[in-house]
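The structure's right below; bear with me while I get my questions together.
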Amino acid sequence: MKILAFAASLRKGSFNRKLITQAIEVLKEAPGVEIDHADYREFEMPIYDGDVEENSGIPKGGQELIRRIQAVDALVISTPEYNGGIPGTLKNAIDWASRTDPIPFDGKPLLLIGASPGGFGAVRSLWHTRVPFEVMGAFVYPEMFGLARAHQSFDEQGKFVDPKNRARLQELIQSYLAFAERLKVR
Amino acid sequence: MKILAFAASLRKGSFNRKLITQAIEVLKEAPGVEIDHADYREFEMPIYDGDVEENSGIPKGGQELIRRIQAVDALVISTPEYNGGIPGTLKNAIDWASRTDPIPFDGKPLLLIGASPGGFGAVRSLWHTRVPFEVMGAFVYPEMFGLARAHQSFDEQGKFVDPKNRARLQELIQSYLAFAERLKVR
Amino acid sequence: MKILAFAASLRKGSFNRKLITQAIEVLKEAPGVEIDHADYREFEMPIYDGDVEENSGIPKGGQELIRRIQAVDALVISTPEYNGGIPGTLKNAIDWASRTDPIPFDGKPLLLIGASPGGFGAVRSLWHTRVPFEVMGAFVYPEMFGLARAHQSFDEQGKFVDPKNRARLQELIQSYLAFAERLKVR
Amino acid sequence: MKILAFAASLRKGSFNRKLITQAIEVLKEAPGVEIDHADYREFEMPIYDGDVEENSGIPKGGQELIRRIQAVDALVISTPEYNGGIPGTLKNAIDWASRTDPIPFDGKPLLLIGASPGGFGAVRSLWHTRVPFEVMGAFVYPEMFGLARAHQSFDEQGKFVDPKNRARLQELIQSYLAFAERLKVR
């Protein structure tokens, strides 16, 4: 099974980059899993503007995102929480990617995870982030993974300080892979 | 009372530009109301990136948005619905504007309205769009105004085809102004 | 595949009873589908009270709901919208049913549909109703079916007046069955 | 200013009963505040059923809730989180109370607080609980108070173990009272 995995953050030191890297380590332990680990900068694109779309179509970064989604069976996205919701940058990427037909997220299994320095571990954001993906037809896995106090959760090598976090992520990813395996288009 | 009003859409022919123009017409009928009608292009800004922020601070468009909010007592925003939620462009503007202290939306009354070509009149988007504003401390008016089938709702002069829509908007704006008047910082 | 189907309404003339009856007609056209059409009154139960639970356990109606969910592979629930959200009666049934271990909804495919006399077809309710089911681990199908102006949508035999509604429901149920088939525990 | 305060829990040892008691202690420190501290059992009522309503009207517990809301200027409600959302019991009370005209919550300032034994402090529930109140026209204060790990947060006298929780609640209640004072019908 091919999986596209990325953190929806442009910032280099982003906690969500660390979290997706940990998730990918776990994903790779599963037999038959092939990961496309994207750097979010590969999907850099301007703010959505209907006039720009009409004149020049979907920008390069958006096309790249669409192409990469189309090439996989499933997705894992790690997203920060900004002001209690989905980051503008991720929603903007979704808005552009949804302008192609069929919508590339339609029918794709998706696991959402998120890290935040606060005490709630991006939990509000994760529940809001599900919505546009579900509107587009993605099969968002019911359980999600929120990492609270992210600034204290990784060591210098970017590994989880607390082994319970790794165990929790392993268990979740295992169930998610079983879900994705069943839903993937054969 | 000074009110900042804008449509969260870059597109020139946007239904939300038409809707905010209608709302402003109604707002101006109230005594003592002074409108700052912003064109969303004045707030054009790049995608939020923590590294860019650290190196060069909040971009011009974001600073302009902050300055314009700080100068008013209340806000009216008309927003499209993209994929069942807040447009990435509006969330991105919020994300940048929230990076100043105090957060400019904190304690400001806000009326949310929205137009969409679909049958639900941006109702899903409006309910999701409330959340980040409330997280930032804005007093979002409970009632909102969703205009369904927006492509059939305006005439060539941009006026409502159906006088019921104008009456509905007038009633809502009147109650909103009473709410905003009570909450404004004197 | 065995499917439990019910309308989350006690009222005899309920639009959601009509809608679930239409959905069941469509479900039965699919080969291999066996329907348990429950009357919501079979699940009548008191308001959740932790002290009652401690003293006398889960009430009969709650136990019946749990037993019926455990016996099937998938669910279809038709729910009204009360005050923009999930009806208290449905949330209360969920609250009781979640007090058994394992939670019976966990890992069950679920299709949510809803009818309302308003213009938005229970769309706000449906999106809020997903959340507790997803929290409990149900695989809620991304697409849902909202029937607006329900009081004008059924004829005297309880059939859809507009054949487009039946076609729309047929298409949705077909995709849902494919989804449920893949996810059902074999 | 008269304020109705209650915990939306029937259970005697409920953490939310403890939390509302702490909130009331703080509320009473403010000059001119008069509290109606209701026991949720006073509002005991059956599950909403449109047929029951048609035959016998709103039940006693619902009428009592309506009467008590009508008699005050503002509300403070402490609510548990059940399965990531509003408890069925609170939604059911809302559903019954909304069946009178005008809806008693319309135009009333409301502060939502909540305690939960989990790590997220009812934060998901609080954000979903806002929605039906806002749909009914209540002025729900943007900030809320979520108490995580509630089972470890109160001493034997029911006081906060950690003085920071009291300080945080004091600050919130002070701002809420200023908000409610401005919005109350004079």
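The chains carry the letters A, B, C and D, assigned in the order they are written, with residues numbered from 1 in each.
Assume a residue touches a chain if its C-beta (ideal position, glycine included) is under 8 Å from a C-beta of that chain, and two chains touch if they have at least 3 such contacts.
All values derive from a computational prediction rather than experimental measurement.
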Interface with more contacting C-beta pairs, comparing A-B to B-C
A-B
Taking shared numbers over all numbers used, above half giving same and below half different, the chain C and chain D interface sides are same
Could you please state the distance in Å, as a whole number, between where the Cα atoms of chain B are centred and where those of chain C are centred?
36
Interchain centroid distance [CA atoms averaged], chain A/chain B, Å
29
I need the residues of chain C touching at least two other chains; which ones are they?
84, 124, 127, 131, 134-136
Complex contacts: residues of chain C adjacent to chain D:
9-14, 44-52, 82-95, 98, 124, 128, 131-132, 134-136
Help me check something: in the complex, which residues belonging to chain B touch chain D?
127, 130-131, 134-140, 142-143, 179, 182-183
Tell me, which parts of chain B touch chain C in their complex?
84, 119-121, 123-124, 127, 148
